[in-house]
Each structure stands twice: as structure tokens, then as C-alpha cells.
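The letters A, B and C name the chains in turn, as written, and every chain counts its residues from 1.
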């Protein structure tokens, strides 16, 4: 889908390049793009769209060399969902999606048909005929996604697509992203500040900082399985004696919110069951420990500061009974 | 029997579309038509047009009807039917037209800046030239389209009623149409340039009106101070009025040929340049 | 420390919070206040921080009503939602201004500002103006402002909004640190993952009502209407043979080297599973409860009560 070889991009007036030494190869899939603000995400996007010509190195996107005359045509094959609203407030969703379709090169009639189809795909029904100024955040995000999909691009770039959405809206948006890739075969680049979103949908990861790639590769490859590390959770909180006895099993590296991160003395995580059986505790979770995405990110951004994982003990939570409100008026 | 999953059909043909500039222009036109101000101005200009054609018909009646002969003598004394009359065919609309251009044109570029739509346009196969062409085209075509019946209807009416002897010259459109085109492009480029400086549509309207009135005040002050009529060539309102006068050959036009040419080229060039540099893709912080 | 007794909040005819009763005990620790947009999070925080009086019922913090009560307000710190600060102002000057508002002056003020800046790790950058700071830095200054008077209770409304991952992690580490030192912290968010990373103890609001309160594991166990999904990793065939003999089994799905079982009462089946695994009766390598996370709990709760 994308291959860069030592790619460098600079703005005309800028003394130093905005992106440098980008060497990258991405397969068609869902790529999570992480990095702090100003890391070069938008410059990368502009280079992909052919708005900026590379000043060094080479790159191909969807089989087209960047900087070649035909790179301008790439824009018809890429969809872009901006972070900002970028909606024409006094116009209905249907009209604007059709408009964006026409701008991508669809004939007027085809663009109108296509606008309806895409709006159904993202789940925007009757409200499509109303001006978007009255839309909720979730609806706006869906119009923006529809706009990016209307011309059936081979690659879409989503910038913070779950921004401002509540849990339900967020889940639906991420489901849509997964469907876009699974059903339409579209490649997706997802830039997000929310690691959980990236973790949920992405199969590849690129970490960008200060114009350089700090880490890139498949999600599975970057999130290594850690040897002899296991995470344990128990049905009931452990008492002090049980907690102390955990050392028989291995070293407790971290204990947070009832989740114990252990380095086992033996290779077999099955030993945890015997331990629990012997000490009168009941396990509800025994899972091999992988790198978390935040660990991958911090390690990539600050290789010197984070050679190992942060070790922290969480304060004990005061005990109190849980409750679920079933009536509308408190307990 | 197959079961069709609710998903998108295969990719459509992307080569059948219209040029981006045309799509953009059509979209702006559709939006103007939906707005109340579009309908309001449509009504006002139609009303002015009807009055003007009725006036020409009345003139014809006065010429042919014997009982009205004294009245006709009287009106001849009042209204000369020479070159001045031809040029004034467009005049009653000019001030109103400036106002319309400010109201509609002021928002053209500013609205896209406010909603940050332009970066998204440049992420589509739209070149900055397409964008500029569409906006300039729309802002210039609007005054031109409104002036068109003001030149053609009186001419057609006069030709039908009185032939070559009518109050409107047979060759009037040949002189008026180029004048209208120049004035319209002047208005359009000024509106688009001013709009590109603003960050909201309302501010855009203010920018256009401010620039037009500001330039007018400044040039008449310079004229007054230095006594040089050359400075009137920089007054956009006078320029727009002067072009029909120059082309029909009025004896004492508002602005003479040379300052009019220089001033028009200056304004169109300046505002097109401003608009172009304010809508470059590098400005698109995506 | 915090107690609400049928406290409600209405803005004219509009419901902010239905009559709500709950109690948070003394001591340190972080509690997450969760809910979708418009669930009543901000209303609850406004009641707690004494910005508005309850329309009905009682709110008590440290045993007193917080509304216009300096005795309570002096003991709590608030970091309101948003990122609005005077852009041209230097952070340390702004902090001194805010400190003066809390009644500090002279040496005490200097010391408090220095201490708060130290805590949030901004001591060396406090001379910058807000315009030159990143969003994460500004958020830390806002936190420092709430810490100036050494509050026992810290209330933060959507503090992570718009921060990049690193700034988010820094802020989380900071909050954990404060909690460890004995500050009670209440954090609201509409992003479940953030809260899950920070704490296990949550208050869940939905449509102006308090829906649940407790740790995720505890709340999940009360949701007995939804069978718990467990992924058993190991030799799938043998695991499946064991699973189908269990009376609690509601559903079973095979994966490549795992089976996913839905069970009605995990309290009954888990000890037996553990016993079998410990005695070598079944080849179990890993046990993963699939819906024991905040997302699943939230989804079940809101679906049941919608």
C-alpha cells in the first residue's frame, strides 16, 4: 500500500525538513498512526496526497511514485476524514456528500446515487436531508466518514475519527472502520490520540515524532509477548497473607486494581492454578503478558528513559460494597 | 437466490465527472438560490427591470400618440437620448449591484475558511487554480447575469417597437456587453480578494464594503488634494460606472480611458493575487 | 467524605441529575466518574464542588454542605473542564493570582506555588506564557492551581480531553502519585479506557441517574443476567470435552487453540475449573474473561437500563 525509502519532505520556507529519513513499508490493512501533536502527521498526509513533493528519497503510494506527474491523480484514489469539522453547515449531509463525490470525479447522477448508498453504509437515515448544523457529534463524524468513502477510495486517512464521541458512538465508529476494511477492502490509516482505539482496530502501527519514524511494523510484532510474564486476577481480593505468598509463584512486578503482573519462576503459567488451589484463592484471569500499547509508545518516543517497564504500586482502594442502581432514584 | 449484504457496491467510474471548477461554481449557485437573500435580490432586480422597460414603452407611446405630443416635447427637453442615455441603461442597478456582490461574494471564500473546508477540497483532485477560477467565475458571473437583461431587454423592446429610430441604439449591446464584462470581473475579483482576507462570512461582507467605500473615499481625497483626475481611476465604484460610458462614447465620462484602463488592471490584478496567495494549499493546515 | 442523600439538580425544567444517593468513604484513592455525554457527570461535579446548590436532597462533603461554604471549599480542589487560560500570561503569575484568591500571600504563597509546580513537574517551565505551552503542559498548570491550597479532595472534569497519549500518561502518573500520598481524587471522563487505566473504582452515570458504583469486577458479578464469557486456552478438544459436562455452561465456541465458554455463575464453575487444572485434569494454559472490562460492563448496564 505504502513504501518509503529514506523519504524527506520539507516546506519551502523551513530551514529543516518536516519529515526525514522515512523508511517504511505498509501492507494494505488498518494502520495506526501515533505521535504527539506536531510530530509530522499532517505533513505525511500532505505528502501522501501529492500536495508536497519529496525533497529527498523516494516513496510510492498505491503503486504511484510520489513527485511523479501522475501523483496529483492519487487524490482521487485517497479519501480523507479531517480532524476538524470541515462540514458546510447550511447544507444537508446528502448534498454535501454528493458534492464531494463530484469533486472526486463522479458524474453528477452517479454522485447522487453514491451519496445515498454511502450514507446508508455509515448509518445516517432520514436526517440526511437536514442541514448539518443541527447534527450531533456522532452524526457529524459519520458524515465526514461518508464523505471520505463516497468515491470508493483505495486508501482512507482518518484523523481522530472518535473525537468527542461517547462510548457507544465510539464503538460504532470503530466498527465502521473495521467494516470499511473488511467489506470494501479499503486500506485505512488511523491517526488517534486514543491508544485504545488504535489497539482495537489496527493491525499495523507507525509511531512518528519530530518528523522521524520511531517505530513501525505489525501490531503483533511490536507488542511482544514477554517471556514468563503473566497477569493474574482473582475472583475475590487477596488477603495480606495470600498476597505475600505470591512470591512462591514469582516476582510481583506491579499490582494495580486487583491485577497482578508477575514474572514467574517457572515457564509454565499453569502453575498459577496449583498455587491458587493451595492458597484458597480462585483465579478468574491467567493471561500471558504482552507489551501494552502505551509501553510500546513510550519506549519508542524515549528509548533512553524507558528501557524497562515502569514499576509502580497503586494505592490500596478503600473497601466498600459495590452496588448497581436498579431503580431510578438511588438505593 | 442470492442474499445481498448491506454494503457498498463496487467502485464507480471516476472519469465521468465534470471539471472541479464547474462543480464548485454550481455548488455555490445552488447555495445562493436556497438562501433568502438570493430570492430577495431576484425580486428587486426584476422590479427595476420592469420599470425600465415600461419607461421605454412609455417613451414609444409618446412618440406615436398625437394627444401625447406636447408631453413628448417636454420629456425630450428633460432626457437627452444620445450616448448618455445608452450608458445610463445600466446605471440604476450599479449601486445595488455592489451591495449584492458584497453580500454574496463576501462570504464566498470566507465561509470555506470558517468551516475549514478548503483543506479538504485540496485533498480531492482540486487544484488551487480550479478553486480560484470557480470563486472568481461565480463572483463575476453573478453581476454579469443580472446586468444582462438590463442591456438586452430595453434594446429588444426598442428595436421591436421603433426599429432603428427607437431610443436605444441598434448597436448598443455590442458596446454594453464588453463594458458589463469588465465591470463584473472588477466587482468579482474585488469581492473574492476581500473575502479571502476575512475569517467569517460576515466579516467578508464588511471587508468588501469597507474596501469599496475606503478606496472610493481615499481616491476622492487624493483627487481633491492633488487636483489630479488620474486618481479617480483607482475608485472601483467610479470605474464600474465609467466603462459603459467609455464604450458608448459619452462626452464627459467619469474616468478617462487611460486611468480607467490602468485602474482596472491594477484592481483585478491585485485582488486576484491576494485571493490566490490566501488560498494556497500550503496554508491548509490539515 | 462525600455523601449524597437524594440530591438532585435541575436547570429550570431540564434535568441535570436525578435524586441520587451514594457515599464515598474517607481515605485516598481514585474514583472514576463515567458516563456518555449528557449523563449528568458535570451536574454531579458542580454539586460536589459547591458551584450550585442541589435542587432537592442533600450534598455533604466533610460532613457539611459545600455550596458557598468556604470551610468545605478550602479543603477541595477543582480542575474544571476545558482549556481556557489567558494566553499571554505567564503560568507562575497566573498561579500566584489564583493563590491570592484562595487567601494565600507572601512567603506562604511563594512556597505553595513552588510546591504545586514541583508536584506537577513544571517548576522549570513555569515562566512560559500559556500560549507557548502544549496542551499537556497547560493541563498540568491547571492541576497545580487546584493543588495550591493542599486540598484533601481533588475533582477533575474531563482532564484528559484532547491530550496526546504521552501527556495523558504523564497526567495519569501524576494523579496516581497524588492518590498514593492520600488525596482523594474524583475524575470524570467519557472515555472508558482512560478510567480503566487509572482506577478500578467507578461511579457510572447514565441519563441523569447513578447506575452503578463499585469496582468493575464487582459490578460485573452483579450483572447475573448476562453470562460471563471465558476463553480457555490450551488443547481445545480436551477443554471442550470438560466444558460440556458442566451444568453452568450456556454456550460454547471453538477457536484454534482455545474454547470460549459462556457460563451463568462463574462463582460455581471457576473453583472446579481451577481444581481440574491444578490436578492436571485439563490442559489449561491461560484463562481470560472476555467481558470483564469496563466496555462490556458499560454496554450491559446501559442496554439493561435504556
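What we mean here is this: a contact is a pair of C-beta atoms (placed from the backbone, for glycine too) under 8 Å apart; a residue touches a chain by one contact, two chains touch by 3 or more.
As the structure is a computational prediction, the values presented were derived from the model and not from experiment.
Peer 1: Kindly list the shared contact partners of chain A and chain C, in label order.
Peer 2: none
Peer 1: Which two chains are joined by the greatest number of C-beta pairs in contact?
Peer 2: Counting C-beta pairs in contact per chain pair, the top pair is A-C.
Peer 1: On a CA-centroid basis, which chain has its centre farthest from chain C's?
Peer 2: Between chain C and every other chain, the largest centroid distance is to B.
Peer 1: Once you find the CA centre of chain A and the CA centre of chain C, what distance in Å lies between them?
Peer 2: 22
Peer 1: Nearest whole angstrom, what separates the Cα centre of chain B from the Cα centre of chain C?
Peer 2: Chain centroid spacing, chain B to chain C, equals 60 Å.
Peer 1: So the centre of each chain is just the mean of its C-alpha atoms; given that, what is the distance between chain A and chain B in Å?
Peer 2: The separation of the two C-alpha centroids amounts to 50 Å.
Peer 1: For chain C, which residues are in contact with chain A within the complex?
Peer 2: 4, 6, 18-30, 35-37, 134-135, 162-169, 173, 176, 179-180, 190-193, 197, 199-201, 209-215, 217-219, 222-223, 266-267, 270-271, 274-275, 277-279, 284-289, 292, 295, 298-299, 301-302
Peer 1: Flag every residue of chain A that touches chain C in the complex, lowest number first.
Peer 2: On the chain A side, the touching residues are 34-37, 137, 164, 166-171, 193-196, 233, 235, 257-258, 268-270, 273-274, 276-278, 282-288, 294, 297-298, 301, 310, 312-318, 320-325, 328-331.
Peer 1: Contact residues on chain A for chain B in the complex?
Peer 2: Interface residues on chain A, with respect to chain B: 11-12, 42, 45-46, 49, 51, 72-73, 75-76, 78, 80, 82, 84-91, 95, 99-100, 102-108, 110-111, 114, 117-118, 120-121, 147, 149, 151-152, 159, 179, 183-184.
Peer 1: Taking the touch rule as given, give the residues of chain B at its contact with chain A in the complex, in rising order.
Peer 2: Chain B reaches chain A through residues 5-18, 20, 23-24, 27, 30-31, 34-35, 111, 115-117, 119-127, 281-282, 284-286.
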